[in-house]
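Sharing a structure with you now.
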Amino acid sequence: MPHHQHQELLKTLHECMAACNHCFDACLKEEDMKMMAECIRLDRECADICAYLEAAITRNSPFVSQLARVCAQICETCAEECRKHDHDHCQECADACMKCAEACRSVA
Amino acid sequence: MPHHQHQELLKTLHECMAACNHCFDACLKEEDMKMMAECIRLDRECADICAYLEAAITRNSPFVSQLARVCAQICETCAEECRKHDHDHCQECADACMKCAEACRSVA
Amino acid sequence: MPHHQHQELLKTLHECMAACNHCFDACLKEEDMKMMAECIRLDRECADICAYLEAAITRNSPFVSQLARVCAQICETCAEECRKHDHDHCQECADACMKCAEACRSVA
Amino acid sequence: MPHHQHQELLKTLHECMAACNHCFDACLKEEDMKMMAECIRLDRECADICAYLEAAITRNSPFVSQLARVCAQICETCAEECRKHDHDHCQECADACMKCAEACRSVA
């Protein structure tokens, strides 16, 4: 399968998508929701592009490197925002995003 | 994380998405492409709904069971079509779809 | 084009997607964000399924009616939540969702 | 609404998505399907990224310009491939893609 060379990246993208969507869900349940606004917004952006890139890799898209470049940027922005917040889900999301940004850069 | 109870389903959905997208890509490279038309169409349908459900589960969507019902149906239809073709990628896709249909039925 | 019979539905889905995503963005800017939590969650759910169904119709998916049934349900749930809030973007979103739910029911 | 400034772009993206998905469906019904393989592949790529960008614009994504740059590239590649084929759906798709590429370049 053409996407086997990207097996590690697929795993990293999946974990980042899951961490972002979990953070999105958890932020919506926080008491201090107002200060999580940008986190909620960026969690959605990041989860969506990671899922998109995952699918693109598995269908052997000719545009993986261009998409990975955008994905890396979005992951970095989401990581920066999440890092500001002490909630476990935010810190875990920041970690997943940083790891994913690096993995995306390597194929971009 | 709310989606941890669905960890096994997430893995099955991901494998089905990857198998369908790989089969889509491989069908486009076959010599006998004309007879693969419905396979190509259904591979796309099935990969897309599996990716959609995966994302929905991780964001703790209130509509997981309704989406899983549709996903099961699409997986079954794709499995039936793939089963007709001898290519390895079709048979592997049919297996992944059947497994995924069953997993989706269990949460639908 | 096979999707021409669905031209009106496509327009309604697009308007609902746009209204939900606008409401999502606007909710994230409200002062009383905490009380908008479910609205934010459902706006995303509804925008995503409307976009999904729009794409499915244009590619002549064999699963339009099943997807439309789920879409109608999600639109209705989102409409109910939005209706509770006085913000213009919520009321406009509720209107778009109700109209879309009805259109989806007619093809489901 | 933040996306009102992009109203024309949204319309162009929607038309391109619909043209690509119609071309995908129509290619799967052609007798000379084998020579349409790259067209089928690129129709899917292009429809998916147009739908993605449409949604991103309506939710006021901070990444519209980066996504529009990738979208423009994908539209151009799809237009080039479609232009090679005489089928009406291919020529119409090429036109929609060229128009969309230009519109995307203007916000990239």
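Brief remarks on what is shown
Each chain gets a letter, A, B, C and D, in the order it is written, and its residues are counted from 1.
Convention: contacts are C-beta pairs under 8 Å (C-beta built on N, C-alpha and C of every residue); 3 or more make two chains touch, one makes a residue touch a chain.
A quick note: this is a predicted structure, and the numbers were derived from the prediction, not measured.
When the interfaces C-D and A-C are ranked by C-beta pairs in contact, the top one is C-D. At the interface between chain A and chain B, two copies of one sequence, more than half of the residue numbers in use are shared by both copies. The centroid of the Cα atoms in chain A and the matching centroid in chain C are 25 Å apart. Shared contact sites, meaning residues of chain B that touch two or more other chains, fall at 25, 41, 44, 48, 59. Against chain D, the residues of chain B that register as touching in their complex are 25, 28-29, 31, 33-34, 37-38, 40-41, 44.
Note for the complex: chain B touches chain A at residues 1-3, 10, 14, 17-18, 21-22, 24-25, 47-48, 51, 54-55, 58-60. Interface residues of chain C facing chain B in the complex, by the touch rule stated above, are 41-42, 44-45, 48-49, 52, 56, 59, 61-63, 66-67, 69-70, 73-74, 77.
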